[in-house]
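The following pair of complexes shares a single chain, chain A, combined with chain B in the former and chain C in the latter.
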Partner chain A sequence: MTGNRALPSTLVGLARTFAHALAAEDLARQPGLLQSLDPRVRLIGISSLVLAALLAHRIAVIAGLFVVAVALALFSHVRLATLAVRVWLVVLLFTGIIGLPALFLTPGSFLVTSSGTVLPITLQGLNSAILLIARVETAATLTTVLVLTTPWMALLKSFRALRVPPEVVMMLAMTHRYVFLLAETAGQMFESRQSRTVGVLDRTAQRHMASRTAGVLLSKSIELSNDVFLAMQSRGFRGDAKVLTEFRMRAFDYLSLIAFVTVGVAAAWVGRS
Partner chain B sequence: MGGAFVSDSPIFDVRDVSFAYENVPALRGTSLCIAPGQSVALLGANGSGKSTLLRLLDALCFPSSGSIDFRGESLTPYRLRDEQFAFSFRRQVGLVFQNPDVQLFNPTVFDEVAFGPLQMGWTSPEIVTRVNAALETMAIAHLRERGPYRLSGGEKKRVALASVIVLDPEVLLLDEPTSMLDPRSQSQIIDLIQNWKGTSKTVVTATHQLEIVEDIADRVVVLEQGSVIADGTPPEILSNGELLLRANLVHAHRHKHGDIVHSHPHLHSHGQHEH
Partner chain C sequence: MHIPDGYLSPSTCAVLYVGAGVGWYGALRRVKSAFTTRLIPLISVFAAFSFVLMMFNLPLPGGTTGHAVGVTIASIVLGPAGSILAISIALAIQALFFGDGGITTLGANCFNMAIVSSLVAYAAYRIIAGGAALVSRRRVVAAAIAGYLAVNAAALCAAVEFGIQPMLFHTAQGVPLYAPYPLHIAIPAMMIGHLAVAGVAEAAITAGLVAYLQSADSALLQRTSGGPASSPTSEPGSPHRSLRRLWLTVALLLLLTPLGILVAGTAWGEWKASEFSSSQGRDRIAAASQQQPPPDEAPQGLQRLSTIWTAPLPAYAPQFVKSRSVGYLLSAMFGTGLLLTFSWIVQSCLRRVATDHSG
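Take a look at the complex of A and B:
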C-alpha cells in the first residue's frame, strides 16, 4: 500500500469505528422487543440461548436457535443487512478457515457424488464443519443483537447486578471509554501528519511513522491512566469500587426471562448427542 | 482581602514546598497561606506550577521538601493512609482537573456525577437527589444518560464540575475551569464561581486569563517558574504591568505613533484594550 493510500485508509477505519459505536447506541435507544426488556433479562436470556447453542450437538436445534436470533433481531429493528455484513460473512470466513481441515481429516465414510465420484471429504468431517459454523454463527448473531439493542452502560450495570466483581466492570467501562479517547487522539495524530505529508511515503517510512505513532500513543495512555487514577482518588476512591443500580423488573420482564431460559434449557436438552 | 467567612486559622498552610517531575522542578520553595472562605486566583503562565500546586493541595502528590498543612493536619502519604482522615479530607476538598477527559471515566454522565457520592457511602435516594441537583445546577440534566465520548468539550467541563460540586466540598480547587469553553459557557462558570465568593467556601482557581480574575477572586497569587512572585488583591496585581510582563501574562506590544516606535505591556481587562 502506498503512503497516500495508507493514511486515508487509517482515518477511514478510525471514523468507521466511531460511527459503528454511535449507531449501536442509537439503535439501543429505539423502541423494539429487546429494547423494552430490563437489560438484566436481555443479558441472562441471550446468554442462556448462546449457552444452549454451544451445548447442542444437533444441527436442526442450532438452526432453530438461529431462527430465534433472527426473529429477535427483526422484532428489535436490527437490520438483517447489518448482521450479514458485520456477523454472518465475517464468521463464515474465519470459522470456515478453521473448519476446513475437518472436512478432510475427520475419519469416516467418504462422500460419493451422484455420478459415482468419491470425494476426499468425509460425512463426519462435513457434519463437524457445519456444526462449528452453525454454532459460531448463532452465538455471534445472538451476542451482536444483544450489543446492538443494549446501551453499553446498561450492559455494564447488568453485569454489576449479576454480581460480576465491580473491579471487572469498572475495568471494562474504562477500557471502552478510553479506547474511544485514544482512537480520537490517534485519528488527530494521523490527520496532523497527513496535513504535513507531501508525496508518497515508501514502506520503510510508513513503518517508522506507524511505530513512532504507537510509541507516542503508549506514553500518552500511561500518562492518561496515571491522571485518571488521581482523579478517582480525588473523589474518594480507595480501591473498592462502589456502584448504583436503578433497574426495576416488571411482569413482562419476568415472563420474558422464563421464556428465554425455557427455550435455552429445552434446546440444550433436545440438542444433546 | 478575603470574603465574609474568612477566619485567621489557615485552611492550607504551604511552607517552603518544592516538587519536581523526574528532576524537572515544578515548584521551588513555595510558601502560601489560604484562609477559609477566601477566593484565590493562582495566576501564572503555562508551566509556572499552578496545576502542580493544586495537586499538592489535593494530596494527590506530596512535596519533595517543605510541608503542607490542611486545617493544622500535615498532608503526608502516611496521614492519607488513615481511612478516617482520607475520607474526611476527600469530603472537604474537591479538585476539577484541567483536562476533563481524565475525570470522566464512567459509562454515563449520571454515573460520573454519582461516583464521588458512592465513594462517600451515601444512601441511594440521597445520591439520586444530589446528582440530579448537581446536573440541574450545571444545566446538563438532559445529558444524564449520555456517554462521555459523545460530549462536546464544554459539556465535558460541566460534567467534570458537576462531579465535584455534587459532594458540596468546603474547598474547591479549580484548574483552568474556563479553558476550552465558548464565551457563554465561560460566563456561566464564572457566575457559578462568583456565587461562591463571600460564602464559607474556599475556592482556589488556577488560571492565566487575566480578564476573569477580578470576577472570581479576592486575592491573587502570581507564580513564575514554580515560585510565588506576588500576592495581593486583584486591582493591585492587575495594575502592575511590569509584574504581569515578568510573569509572562502579558506580551510586549510594539507600534508606531507617528514616526515614534514604542513598546509597552499589552493587557486586556474588562473587555478593554489597555495601553
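Take a look at the complex of A and C:
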C-alpha cells in the first residue's frame, strides 16, 4: 500500500480543510480585541496594514508592522504557536527558497568580511532577500490573523456593506458551504476506494482513479446545483439576492478604524526610501 | 501559482485588480443578462468543485505528483464567463478563508488563473475540438491541450508579473523592492515546473473528466460545443452579434496600427546586421540598450541567418506606398487577411474531418 501515496495525501488535505475551518470558527467566537470589532473595521483596518507593508521600503518599518501584527494576534487570543506553524515556518521555507538565489544573482557590490575575504553575496541581494521575506511574513501574519478572527458569514456581510454585488456575495456564501460538502463526499469516495484496495496501484491506475473520482464528483456537483436551483425557485428566488446587514458601528469601532488607518499611513510615509 | 502578498508592488496589484475587475464585470454582466437564477448555484457548486479538485494529488509520469486547477473543465462546461466567476470565487475563498494567496494579490491571481486561463482554455478547446461530435475522441484531446495551454498561460503571466518587478521597483542602490528576479530568470524558473508538472496535471484531469462526461452525461459538453443545439443555453448574444463585435474590434485595431510609428527608437533586439556597421544604427542600438555600446561587428549568427529570408514587406513598408501610415495599415490588413485565410482553411479541414468521423 506504500505505493499509493497520492490517495492518503489527498485524504490528509481534505481532512486538513475541515480541521482548519473548525479551528477558525472556534477562535472567531472567542472574546478578543479583533473579535470585538465590527467586521468591516477588521477588513479595512488589516487591509490598510497589509498595504502599508507593501508600500514601505525600509526593513525597520516592516518589522514594526510585524510587531503590530503579533500584538493584534496576542490580544485576539491567536496562539503564536499556530502562527509559527501555519505562517512563519511555511513562509520562511517557501519565500526563503525563492529569495536565497537573489543573494548571489542580484547585481551589486560584493560583501567583504572583516578579514578582507570577498563573499559571493551582494549587498543589494542580501537587502532584497531580507525585504522580501520580512514583507511576506508580515502580510501573511496580518492576513491569517484576520482570517482566524473573523467568521466567514461576518466577512460576507461586510462585503455586502462595502457594495460588493449581491450575486457575488451569494455565490461566495454558497461556494463556502458546498466546499465542505464536496470535500466530505470526495473524502468518503477516496476512503471507500482505499479500504477496498489490496496491494499497490500503479501510477496510471491511481491517475485513472483520481480522474474517475473527479468525474463522479462533478456529476454529483451538477446534480446538487440543480437541486439547489429548484429549492431556490420553490422559495420564490427570482435572481435578486438579499443579504441582511445589521452592522452598527460603535465609538470604539470608529476609534479603531482611525488607529488602523493612521498606523498604516504613518508606516507607508516613514517607510519611503 | 498563488502569488502571496509581498511579491508584487502595490501599483502592479492595482493594475491587475483593474484588469481582473474588467473581467469580473464583463463575466457578471453576461451571466446576469443570460440566466441568473440557474447559473448562480451552478457557478457556486463549480467553484466548490474547483476548490476540492485543487486538493486532488495526481500521480504524474516521472514519479512526481501535481494538482489541477479545474479551470479548463469549468470553461468547457460553463463557458468562459461562468468559468471566470467560478474560479475567481474559489480563489477568493482560498485567500480570505484559508489564507492561501494574498489579499493584495487576489486581483493578480484571479487575472492569471481565472481570466487568462479561462479564455485560453475556452479558445483552445473550441479551436481544436471544432465541430467534432460530443462523444468524439478529438474533444478529449482538445480538452487536454486546452488544459495544458491554460495553466501555462497563467504561469507565464505570473512569471512576467514577477519579472517586471526588479526593472520597475528598486532603490537608488539597485535593491529590488519586491520579487527580485528579472524576466530572464523568472520566466524559465516559473515555466519549467508548470510545463513539466502543473500543465500535465491539468491536461490529465481535464481529459479524464471530458472522457467521463462523454460516457456519463454528454449534455454537459453541449454548451461550448459550438453545435446548433447549444444555442438556448449557450453564452448570451447571438453568434452573429459576437462576430460583429469581433470584426469591429479587429477593424479598430487595424486603424490604430499606425500608432507604432509614434514610438521613438527601435525595439530592443530587432536589429539588422547592417545596423552594427553604420554609426546611426549603432546609436540606435546603444539608445535601446541603456547606452551600452554594441559589439564592433554584427554577431556571426545574425550575419549568417539574416540572408536566409527576405520579407516581402520589410519594416511594414511596402515599396509602392509613399506614406508610412498607409504602409502600416496595409501591412496590418495583409497580415490579418493571411491569418484569417489560414484559420479558415484549418477550420474547413477540421470540419471535414469531423463530418467524416461522425458520418
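Heads up, the rule we're going with is that the second predicted complex is superposed on the first by the 262 of 273 C-alpha atoms of A that agree within 3 Å, B and C clash if a C-alpha of one lies under 4 Å from a C-alpha of the other, contacts with A are read in each partner's own complex, and residues count from 1 in each chain.
Operating definition for what follows: contacts are C-beta pairs under 8 Å (C-beta built on N, C-alpha and C of every residue); 3 or more make two chains touch, one makes a residue touch a chain.
Values in this document were obtained by computation on a predicted structure and should not be read as measured data.
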Open item on the list: After the alignment on chain A, I want to confirm one thing: do chain B and chain C clash, or do they fit together?
Closed with: fit
Open item on the list: Once chain A of both complexes is superposed, is A:153 in touch with chain B (first), chain C (second), both, or neither?
Closed with: first
Open item on the list: For A:31, using the defined touch cut-off, is the partner it touches chain B, chain C, both, or neither? Pick first, second, both or neither.
Closed with: neither
- [ ] Once the structures are superposed on A, label A:129 by its partner contacts, choosing first (chain B), second (chain C), both or neither.
- [x] second
TODO: Could you say whether A:224 touches chain B, chain C, both of them, or neither, answering first, second, both or neither?
DONE: both
- [ ] With the two complexes superposed on chain A, say which partner A:53 touches: chain B (first), chain C (second), both, or neither.
- [x] second
Open item on the list: Quick check on the superposed pair: does A:235 touch chain B, chain C, both, or neither? Answer first, second, both or neither.
Closed with: first
Task: chain A: partner with more touched residues, chain B or chain C - done: C
Task: Angular separation of chain B and chain C about chain A, which is computed from CA centres of the superposed model and rounded to the nearest 10 ° - done: 90
- [ ] Applying the touch criterion given at the start, work out whether A:116 contacts chain B, chain C, both or neither, answering first, second, both or neither.
- [x] neither
Open item on the list: For A:174, using the defined touch cut-off, is the partner it touches chain B, chain C, both, or neither? Pick first, second, both or neither.
Closed with: both
- [ ] Working from the superposed arrangement, determine the closest approach of chain B to chain C, counting only CA atoms, in whole Å.
- [x] 8
Task: Contacts on chain A seen with chain B and repeated with chain C across the two complexes - done: 21, 152, 174, 176-178, 181, 224, 228, 232-233, 237-238
Task: List of chain B residues in touch with chain A within their complex - done: 55, 58, 60-61, 83, 86-87, 90-91, 94-95, 97, 99, 101-108, 111, 114-116, 118-121, 124, 127-128, 145, 147-150, 163-164, 167
TODO: Under the touch definition given earlier, write down the residues of chain A that touch chain B in their complex.
DONE: 21-22, 25, 151-153, 156-157, 173-174, 176-178, 180-181, 184, 224, 227-228, 230-238, 242-244, 246
Task: Partner chain A, residues of chain C touching it in the complex - done: 4-7, 9-10, 13, 24, 28, 31-32, 36-38, 40-49, 51-53, 55-61, 63, 65, 73, 77, 85, 89-90, 92-93, 95-99, 102-104, 166, 171-181, 185, 204-205, 207-209, 211-213, 216-217, 220
- [ ] State the interface residues of chain A toward chain C in the complex, per the touch definition above.
- [x] 5-6, 9-10, 13-14, 17, 20-21, 24, 47, 50-51, 53-55, 57, 86-87, 91, 94-95, 99, 101-102, 105-108, 123-125, 127-129, 131-132, 135-136, 138-140, 143-144, 147, 152, 155, 165, 167-168, 170-172, 174-179, 181-183, 186, 203, 206-208, 210-219, 221-222, 224-226, 228-229, 232-233, 237-239, 241, 273
